[in-house]
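Worksheet: the structure to be examined is printed underneath.
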Amino acid sequence: MTNDEMTKVMGMKEAMAAYVHDGDTVAIEGFTACICFAAAHEIMRQGRCDLTLCRMTPDLIYDQMVAAGCARKLVFSYLGNPGVGSLHAIRRAVEKGIPAPLEIEEYSHFGMVGRYTAGAYRLPFFPLRSYAGSDLPQANPRIRSVESPYGDGSIAVVPPLNPDVAILHAQRADRNGNAQLWGLLGVQKEAAFAARHVVVVVEEIVDEAVIRSDPNRTAIPSLVVDAVVHEPHGAHPSYVQGYYDRDNDFYLAWDEASRDEAQTRAWLDEWVYGVADRASYLEKLPPDAWKRLAAGEAWAEGVNYGRYV
Amino acid sequence: MAATYSASEMMIVTAARALAGVRTVFVGVGLPNVACNLARRTVAPDLELIYESGVYGARPARLPLSIGDPTLVSGALSVCSMVDLFGLYLQGGRIEVAFLGGAQIDRFGNMNTTVIGGYDRPKVRLPGSGGACEIATNAQQVFIVMRLGRRSFVERLDFVTSPGHLGGGAERAALGLPGGGPQVVVTDKCVMGFDPASREMTVVSLHPGVTWEAVQAEVGWDLRAAADVQETPPPGTDELRLLREELDPGGMYTQ
Amino acid sequence: MTNDEMTKVMGMKEAMAAYVHDGDTVAIEGFTACICFAAAHEIMRQGRCDLTLCRMTPDLIYDQMVAAGCARKLVFSYLGNPGVGSLHAIRRAVEKGIPAPLEIEEYSHFGMVGRYTAGAYRLPFFPLRSYAGSDLPQANPRIRSVESPYGDGSIAVVPPLNPDVAILHAQRADRNGNAQLWGLLGVQKEAAFAARHVVVVVEEIVDEAVIRSDPNRTAIPSLVVDAVVHEPHGAHPSYVQGYYDRDNDFYLAWDEASRDEAQTRAWLDEWVYGVADRASYLEKLPPDAWKRLAAGEAWAEGVNYGRYV
Amino acid sequence: MAATYSASEMMIVTAARALAGVRTVFVGVGLPNVACNLARRTVAPDLELIYESGVYGARPARLPLSIGDPTLVSGALSVCSMVDLFGLYLQGGRIEVAFLGGAQIDRFGNMNTTVIGGYDRPKVRLPGSGGACEIATNAQQVFIVMRLGRRSFVERLDFVTSPGHLGGGAERAALGLPGGGPQVVVTDKCVMGFDPASREMTVVSLHPGVTWEAVQAEVGWDLRAAADVQETPPPGTDELRLLREELDPGGMYTQ
């Protein structure tokens, strides 16, 4: 079997069943963009529990998973509904222990970025200029410091983060998992290299020749990828640069629904448990949704790599 | 004839004007986002907007819903990974001004965006640091925009998320923080600076029609005034037009 | 003046005179590709001396500068004529002190990469898994180690490198210095952010709109750039991906000439001191040179960023 | 009928065959480059070539002049910065095999590419580490290809650039080096492995027509043999054709 014939393509059900188990440390990353709700909803439907959920910005996706009872612990740096307000389900868990207490491990953004980077680089720690004068190290004893051996003081460090699985949404990949991303890059690459297993979820599966035509665009190489899931619109209601816009109505609706336990449950019943898969979820959207969320066109200028024969 | 305007509009316009001549600003979520976009259209045409999402030189074609809005990406000068944004741009010392909002602030400009109440079982769980801790640490200067209020301007923070001038005086420099810390706080009623020696917040101008007492009533400590308290210049019609018609036509931030 | 009207465009003579001074620490980077010989030759013509030259691979470019007497010190990780053999001028200086002794400060590749990265990130050190069991730390006492505060042993560190000036060749930039690179990326970005001043030399100056059409491709933003020099073929005899191939005849010719002091001098007299500028150098090449070195065409697949209005 | 072939061809073909079944190889300059490209065309069709220049999954359309040749970039699966190549790929533990050449090697597979003579005023200044030190440290396995010779296979190195099994036995593991160190040394006369206990280099096969004495004569210490020394299988006609007609038509490495 040659590379061109190799395939890691799987369905979402199959991929989540294979790579997400009770008790796992899971990172579904994507900063504002490319947040793979399709994977999260499938994990919820499969009834996973006791997960340690890692994400810089837990966002709606982990608010929903916490509400669904999937999580034992949250590792994060910013708990917000971006541009809208609070994450009510997580707040209920942290403030009142409802539905169950939620352990938290809290960093700043650069701290989380550094944790993934140290994990990906197999370093014992990542040094960063932060935390001095802040109460964060008291709240989280894993934030420590080391003395510079060059006599110029000490610097904060954070430990590596190596999730059992990272689930990353991207614009396109080949069947072997070489994934190309554009727009916000977040920590997708670092999370992929840090994780023991990687599932890449894409808007389009393309020929290997497309990937090879622009190798600088490949942030996640097949080397670290276990499964490729083709799930167009899988990041809705977040957005995918060049493919669709954020569906803010959903962010506002969750803000409303999630303020109340019963309504939260009703929302999950309708949009997660009440659908069989992503295709059924997408069918529930208003018929004009994709017209309203259309990205429009703004193409990158050409780039020639040359043929060197 | 003077235009009528809301206190929020006054605050945003004043915040924007604080950026006159600045070339690089790190833009926080919410109010700072509007103020920085207004500054670029008025007092700081060469201003390049930098977002923690990885964007340098954004040219948003609409009011961004968040600091990660796709309109910030399309047409930007550069979009990089977050390790590069925080490492190269911010920690590298390349940011002239970071414009932040906040939940709680004390007289030395230390800020809390983590919890109200105790950390382990908080009364209110706030969003947390995001990038604020390292932004407050590394930006050359920090500008703050937030509404006055006794629950926000407090004698003592429940939690220090982001370091300002710590206990005041030379404490910040002594701890080796690379950036200069908070320089200005723009509110809906006044503008405050920081005393060069004590580093305590001091009122430098009151917005038109606002009394000293009205400001003090919203602040949880005995406020100090600069030697010569001015009246903040009111918004111009052009600034108000941009704000109302182009930057925030929905009135999300300006009501 | 708006951004679109701003310009940092300068001639090479003017840029080198403004940003390279006797005694400076200079980094002309580019791993095999995009090595800016045009800048080096101009520095040699301007008679600069006492320079500390930093580069992962000194290559022909620093071999020539050392032969010309520009350098006091060399900071590097691999001293070779790639694919050909030795760097004879540097070897003469190190082995025999001819024409003058040359101080050296030696790392491995990842050590040099880490030094630029620490410089760019304003870190007191960069940690890396290397040097244990090697004699390199004995040869270079600036290679040290720190103990992990997580109880998992010690790790080697290297100190930051912050050159006075970095000179970086790229495919294209706008007039304000936003530079886009493709192909090998080397340490161009890290060197740019680490340096106090940056000169970008490009094959093409393009409209800002070209840069803004593909922001993920911009590795060096205007923020850190002092001068933009338009010098097509300025990296000859090295190559620029998509623009031209390496001129290996030059690498072989230098290998021959540089074995002998007098011949080395003759080569420099002909190709450096005997020409006024890069244009005159290019005129000396055989008429078929650019046909022979043509890159051919292999264009990247399109990428849509979308219009979000 | 057996084909005729040179000692260099024998060495390259044998080196290529050592990669049977391997999926990721870190390719060093010179001989390893030819051997890895040959392996991909023969015994390891799924082999992805990784170069320290930042290239993953290269498909060179010609024999690369160096590890930074543009033909390695065009058509590759991914090309990244060097900090990512060394950090994510190599140090991250993602490289199955690194294929290196060298100037001097000792019985425990430690290598010198820095100096002959003293460091401060060397007799011969060699290129130095390049990436060799961290490659030798981090790759899961290290394969070495170099010509035998008394100046290369020495009792004592002038300088340890890249750690092999250090003083032998468990020393390497005790020092905490993440990778497994050297596993095989392919030369123009024989193939050597490393004893599982002592970690000393041992001859496992002699190339056709080569005697033990001819090998020992080129090595600066008393060589040890594996329990059962084989004859190395000779190159096949297909391998020789690929090498001569496609991979190195100029005979740069195969004479």
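By written order: A, B, C and D. Residues from 1 in each chain.
Operating definition for what follows: contacts are C-beta pairs under 8 Å (C-beta built on N, C-alpha and C of every residue); 3 or more make two chains touch, one makes a residue touch a chain.
Everything numeric here is computed off the predicted structure, so don't read it as measured data.
Chemist: Write down the chain pair with more C-beta contact pairs when A-D is set against A-B.
Modeler: Spelling it out, more C-beta pairs touch across A-B than across the other pair.
Chemist: What's the distance between the Cα centroids of chain B and chain C, rounded to whole Å?
Modeler: The computed centroid separation for chain B versus chain C comes out at 40 Å.
Chemist: Taking each chain's centre as its mean C-alpha position, how far apart are chain B and chain D in Å?
Modeler: The separation of the two C-alpha centroids amounts to 57 Å.
Chemist: Cα centroid separation between chain A and chain B, in whole Å?
Modeler: 29
Chemist: Two or more other chains touching the same residue: where does that happen in chain D?
Modeler: 55, 69-70, 73-75, 79-80, 87, 91, 138, 178
Chemist: Going by the touch rule set out above, which residues of chain A reach two or more other chains?
Modeler: 117, 122-123, 128-129, 153, 183, 185, 189-190, 213, 216, 241, 245, 295, 298, 305-309
Chemist: Please give all chain pairs that are in touch with each other.
Modeler: A-B, A-C, A-D, B-C, C-D
Chemist: Which stretch or stretches of chain A touch chain C in the complex?
Modeler: Within the complex, chain A touches chain C at residues 122-125, 127-129, 144-150, 152-153, 155, 157, 159, 182-183, 185, 206, 210, 213-214, 216-217, 241-243, 245, 295-309.
Chemist: Which positions of chain D touch chain C when the two form their complex?
Modeler: 29, 52-55, 64-70, 73-75, 79-83, 86-87, 90-91, 110, 114, 119, 121-134, 137-138, 159-163, 166, 172, 175-178
Chemist: Touching chain B in the complex: which residues of chain C?
Modeler: Within the complex, chain C contacts chain B at residues 1-3, 6, 117, 120-123, 178, 189-190, 193, 208, 211-213, 215-216, 218-219, 221-224, 305-309.
Chemist: Quick one: which bits of chain D touch chain A in the complex? Just the residue numbers, please.
Modeler: Contacts found on chain D: 24, 45-46, 48, 55-57, 59, 61-62, 69-71, 73-80, 84, 87-89, 91-94, 138, 178.
Chemist: Quick one: which bits of chain C touch chain D in the complex? Just the residue numbers, please.
Modeler: The contact residues of chain C facing chain D are 31-33, 56-57, 76-80, 82-83, 86, 90-91, 94-95, 106-111, 113-114, 117, 128-136, 139, 153, 183-187, 189-190, 239, 241, 245-246, 248, 295, 298.
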